[in-house]
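Dropping the structures in below, format is C-alpha cells.
You will see two complexes here that share subunit A, one where it goes with subunit B and one where it goes with subunit C.
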Partner chain A sequence: MKPSGWLELLIAAALVVLAAFVPMFANGYWLSIAVTGMMYIALSTSWALFSGPTHYISLATGAFFGVGGYMVGTMMSDYQLSFWVPLIVAPLVAAALALLIGIATLRLSGVYFVIFTLGLAEMIRNLISWIQNNFLGSRGLYVLTDFRDHHLYWMLLGVAGVIYLLGWIVNRSRIGFALRIIGNDETVARHVGINTATAKVIMFTTTGFFAALVGAIIAPRWSYIEPNQVFSPQLSFLVVIMALLGGAGRLWGPLVGVIPFTIIWEWVGVQFPNQSTLFLGLAFLLIVYVLPNGVVGRIEQLRDRIGEGRS
Partner chain B sequence: MKHRPVLQVQGVTKRFGGLVAVNDMSFDVANHEMVGVIGPNGSGKTTMMNMISGAFKPTAGRISLKGRRLSDMPAQKIAREGVGRTFQLVRLLPGLNVLENVMAGAVFGHRRRWGREAEDFALEMLDRVGLEVVAAAPVSALTYIDQKRVELARVLAGEPEVLLLDEWLAGLNPTELETGIELIHALRDEGRTVVLVEHVMDAIRALCDRCVVMSAGRKIAEGSPDDVLSDREVIRAYLGDDDD
Partner chain C sequence: MLDILVSGLLLSGTYALVAMGLNLQYGVARIMNLANGEVLVLGALAAFWLYTTSQVSPLLTVVLVAPVSFAGNWLIYRYLLKPLVRRSKSQGALEVDSILATFGMSFIIIGVMVSIEGGFFAYKYLSEPISIIGSTTSLNRLVAFGVAVLIGGGLYLWLNHTRAGVAVRAVSVSTEASGLVGINVPRVSALAFALGGAITAVGGALISTFITLDASIGVVFTMKALIIVIMGGVGEIRGAIVAAAILGLVETAVATLIDPGLTLAAAYLIFVLILLFRPQGLFGRRAL
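Right, the complex of A and B next:
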C-alpha cells in the first residue's frame, strides 16, 4: 500500500467532516445550492466509478435517479408507506434494472453503448409516464416529509462519503485494476484472464444503485413529483459534464468539476432560464476541446511538464 | 515426459461465411516442446492461434489443454487454464505504465498473484525479458522491441503452461532480431512449451523442435525444420509451381 493512498483517504475524511458544518453557516439560498451540489457530487463520483476507468459513457443516470424519486413518490403517495421503505427498496430495484441493462449492453461498445443507455433512459421515462397517466390516475405524487434542506444535505453527504470510500477500496482491488485494463484494451483484458462481463456488470450495477439512492433522498425536496421531472435526461448529461470537467480519471476528479459547475449552472438558470440547454451544449464542447482529461488531467499534465523541465 | 501432448488440436476448422480459413487442422504440442507454425501469408496461421487463445471459436473440431477441452471456453477462461499469447501487432495498455502492464498478467493469469507479490513477480519478469527501463515509465516511451518485451513479460507473468507467440520477431531490425532470437532461445532452454507463428526462417531453424506447415488453411507438412523446409510441397506453397 502506497502511503499516498492513506493520505488521500484522510483528506477525504477531513473534507467530509468539514462539509458537515456547511448547514451551520449557509442557509436559504446557499444551503439549497449546497444540497444540489452534494447531489451532483454523489452522482458524478458514482458515475465515474464505472465510466472513469472503462471509458464507457453511460447516459442512464437519469433513469436510475428517476426510479429512486418515482418510487418514493408512488410508495408514499399511493401506498402511504414511510419514506424509509422506498429509500431501501428503490436502490435495489434500480440495481436490478442496471444489472439487466448491463447484461443487455455487454456486446456494445463506444458510441453504441452511449446511444443505447440514452435511448433506454428515455424509454423508461415514457413508459412510467404512460403507466402513471393511464393506470394509476393522472394525479400527481405528493412527497410530504418533515425533512428540511439540511437533513437532505447530511444524508447526501453520507452517501457521497460512502461512494468515495467504496471507490477508494475498488481502486485498490482486483476489480478496479480489471476495469482500468478493460478501459485500455478489452481484447487484452480477456486474454490476460479477466472476466470482463462480470467486472463491468458489477460496477454498472453499483452506479445504478447509488443513483437511485440519491434520487430517493432528494425526492422530498420537490413535494410534488411527476415522472417527467424525475426521469430528466438533462440530469444524465449534467452528471457526465461535471465528471468530465473535473476529470473522471481520479476518484476526486468529479468533485473538482461539480462545485464550480453547480454554482455557474444556478446562475445561468436564474439569468437565462430559457437558454440553459444552449449553455449545456457550449460547456460540453468546451470541455471536449479544451479539457479532454478534465481540470485534474490538465493539472497533472502541467505538473509533469514542470517535472520534466527540472530534470 | 517429452512425448506426452500438452496441447492437442484435432480436426479444427474455421469458416467465415463461405471462406474456409482453417481446414481440418490437427497437431500436438508436447511438454517442453517448441513448435513452429509456418506458411505463406493468408494460410490461416493467425486464425489458428486465435482459436487456441479463444479469440475465435472453431466451427468444428476440438482443442484441448492437458485433456481439458478449450474450444468451448471464452478467452478469459482459456487464459486462466494456462494459455498465454502475444499479438501479431503488439498490444499494450497505453494508459498503464510498464510495471502495471506486466502486473496485468501476474494478477489475472493462470497463476494469480496480488499486491506486493504481483509487483515483485512482474519486476522479475521485466528483468527476465531484459528490459532495462524504469518500471514506472509510460509504455509510449518504449522502442518497438521494448514494447514487444513488455508484452512478452505480461504473458510470462501469468505463468502459462503453453505460450503462443504470434510473429513475435516481425518488424525487428537485424540487431534486434538477434536479441529477440536469443531471448526466445532462452525460453526454450527453460523448458517452456511454446507455439510460435513465424516468417523468419533463420529463427525457425534456430528455435523450433518441430514445424507444422500450413497452406490455404490446411496442414501440408509436419516435421523437423530442415525436413519441412526442403519438402517439395512446402517449397511449392511458398514459391509457386515450376513452369516446366
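Right, the complex of A and C next:
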C-alpha cells in the first residue's frame, strides 16, 4: 500500500467531517442547494465507479433513482409502511433490475448498453403510469416524514462517504484492476483470463443500488410523488455531465465537477428557465471538445508538462 | 385484426426509411448518432411550421427539407465529428466520443426547437378516411407510406446499381480495405452521414402528417430506429425492412389491444429478446 493512498483516504474523511457542519452555517436557499449538490455527489461518484474505468456511458441513473423515489412513495402511501422499509427494499429492487439489465446487455459491445439505458427511465415511467392508472387507481402518493433538509443532507453525506470508501477499496482490489484493463482494451482483458461480463455486471449492480438509495433518501423532499417527476431522464444526463466534467478517471474527480455545476445549473434554471436544455447540450460539447478527461485530467496534464519542463 | 395489420404495415414504411438513414450514419460513417431522433423531429417541425404559417404541403416540404438537412448534416460531420474520428485511437473511443457529442447536439436542437414551438406540432393534412382491403385508415398514412417506399426504393437502387452506391457499401464493409482500393473514405463517410440525416428529416416530415409530435419526443424515435437497425443487423437494408415491419406491427397491436402508452415498453421487449437470442441481428453476419 502506497502512503498516498492512506493520505487520500484521510483527506476524504476530513472533508466529510467538515461537510457535516455545512447545515450549521447554511440555511434556507443555500442548504437546499447543498442537499441537491450532495445528492449529485453521491450519484456521480457512484456512476463513475462503473463508467469511469470501463468507459461504458450508463444512462440508467434516472431509472434507478426513480425506482427508489417511487417505491418510497408507494410503500408509504399505499401500504402505510415506515420510511425505513423502502429505504432498504428499494435499493435491493434496483440492484436486481441492474443485474438483469447487466446480464442482458453487458456481455455485448458497449453500444448496446448505452442504447438500452437511454430509454430505460422513460420506459419504466410508461410502465408504472400504466399500472397505476389501470390497477391501482390514480391516487397521489404522499411521503410525509419529519425530515428536514439538514436530515436529508446528513443521510446523503453518509451515503456519499460510503460510496467513496467503497470506491477506494475497489480501486485497490482485483475487480478494480480488472475494470481498468477492460476500459483500456476489452479484448486484452478477455485474453488474460478476466471474466469481463461478471466484473462489469457486479459494478453496474452496485451503481444501481446506490442510485436507488439516493432516490429513496431524497423522496421526502417532494412530499408528493408522481412517476413523471421521479423518472426524469434529465437526471441521468446531468450525472454524466457532472462526473465527466470533473473527470471520471479519479475517484474524487466527479466531486470537482458537481460543486460548480450544481451552482451554475441552479443559476441557469432561475435566469433562463427555457434555455436549460440548450445549456445541457453546450455542456456536453464542452466536455467532448475542450475537456475530454475532465478538469482533473486537464490539471494533471498541465502538471506533467510543468514537470517535464523542469527536468 | 386486419386494422392492426394494415396500419402497422403502413407505419413500418416510415420506420424503415428512418432506420435506413441511421444505418447509413452508423453502418458507413461509423458514427453512433444519438441526435437522430432530434433531426427527425426537426423535419417534422419544418413540415408543421410551413403548413400552419403558409399552407405549404408537407409533401413539398419533404423536397425542401432533404437538401437543407443534407447540407446541415454534412457540416456537422465535417466540422464536429471528423475531428473526433481523427483523434480517436480505437473504435471504442470513437463510439464514446460520438455518443457524447451527439447527445450535446440533440439537446441543442431540442433547446432551439422549444424556443420555436413549445407545444405539440398538431396540424391536419389529408386526414380523410380511406378504405384499403376492408380496413379503414387515413389517407395521410397511405401517402406517407407511398413516399417512404419510393425514397427507400430509390436509395436501394442507388446503393446497388451505381458506382457511388457501391463505394458506400464497400466502406460499410471495411474502411481499411476501401481505402486500399482507392475509395476516398472520408468523403464517402461524410456523404453517407449527410444522406442519412437528409433521409431522417424526410421521415420526420412524413411522420408528422399522421402522428402529433413535440420538441422533446426525439429520443423515442432514436430508440426505435436503433432497435430496428440492431434487429435487422447493422448495414442490412432488407433486415431493416423486416425489422421495421415487426416493430410497426407489434407497436400497433400493443397500442390497440392494450394501451398506447406501452408502445415503448413493447419496443424494449423486442430489444431484450434480440439481445438475448440474436445480438447480431436477424440477418446480420457478425456481432458488432
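The criterion applied here is as follows: the second predicted complex is superposed on the first by the 307 of 311 C-alpha atoms of A that agree within 3 Å, B and C clash if a C-alpha of one lies under 4 Å from a C-alpha of the other, contacts with A are read in each partner's own complex, and residues count from 1 in each chain.
Note that a contact is a pair of C-beta atoms (placed from the backbone, for glycine too) under 8 Å apart; a residue touches a chain by one contact, two chains touch by 3 or more.
If you're wondering where the values come from, they're calculated on a predicted model, not measured in any experiment.
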Handout entry: Superposition on subunit A - do subunit B and subunit C clash or fit
Key = fit
Fill in the blank from the handout: Rounded in steps of 10, the angle in degrees at the Cα centre of subunit A between subunit B and subunit C is 70
Practice task
Could you tell me if A:288 is touching subunit B, subunit C, both of them or neither one (first, second, both, neither)?
Solution key: second
Fill in the blank from the handout: Between subunit B and subunit C, the one with more contact residues on subunit A is chain C
Problem - First, second, both or neither for A:191, with subunit B first and subunit C second - result: first
Exercise for the section: Check the residue A:181 against both partner chains and state whether it touches subunit B (first), subunit C (second), both, or neither. Expected result: first
Practice task
Give one of first, second, both or neither to describe whether A:80 is in contact with subunit B, with subunit C, with both, or with none.
Solution key: neither
Handout entry: After fitting on chain A: smallest Cα gap, subunit B-subunit C, Å
Key = 8
Exercise for the section: Return the residues of subunit A at which the contacts from subunit B and from subunit C coincide. Expected result: 185
Problem - Touching residues (chain side subunit A, partner subunit B) in the complex - result: 174, 177-178, 180-181, 183-185, 187-196
Practice task
Write out the stretch or stretches of subunit B touching subunit A in their complex.
Solution key: 53-55, 74-76, 79-80, 84-85, 87, 91-96, 100, 103-105, 107-110, 112, 114, 154, 158
Handout entry: Residues on subunit A engaged by subunit C in the complex (per definition of touch)
Key = 55, 57, 104-105, 108-112, 114-116, 118-120, 122-123, 126-127, 129-130, 134, 185-186, 233, 237, 240, 244, 274-285, 287-289, 292
Handout entry: Residues of subunit C that touch subunit A when the two form their complex
Key = 32, 34, 80, 83-84, 90, 92-93, 95-97, 99-101, 103-112, 114-115, 118, 219-220, 222-223, 226-227, 230, 259, 261-262, 264-265, 268, 271-272, 275-276, 279, 287-288
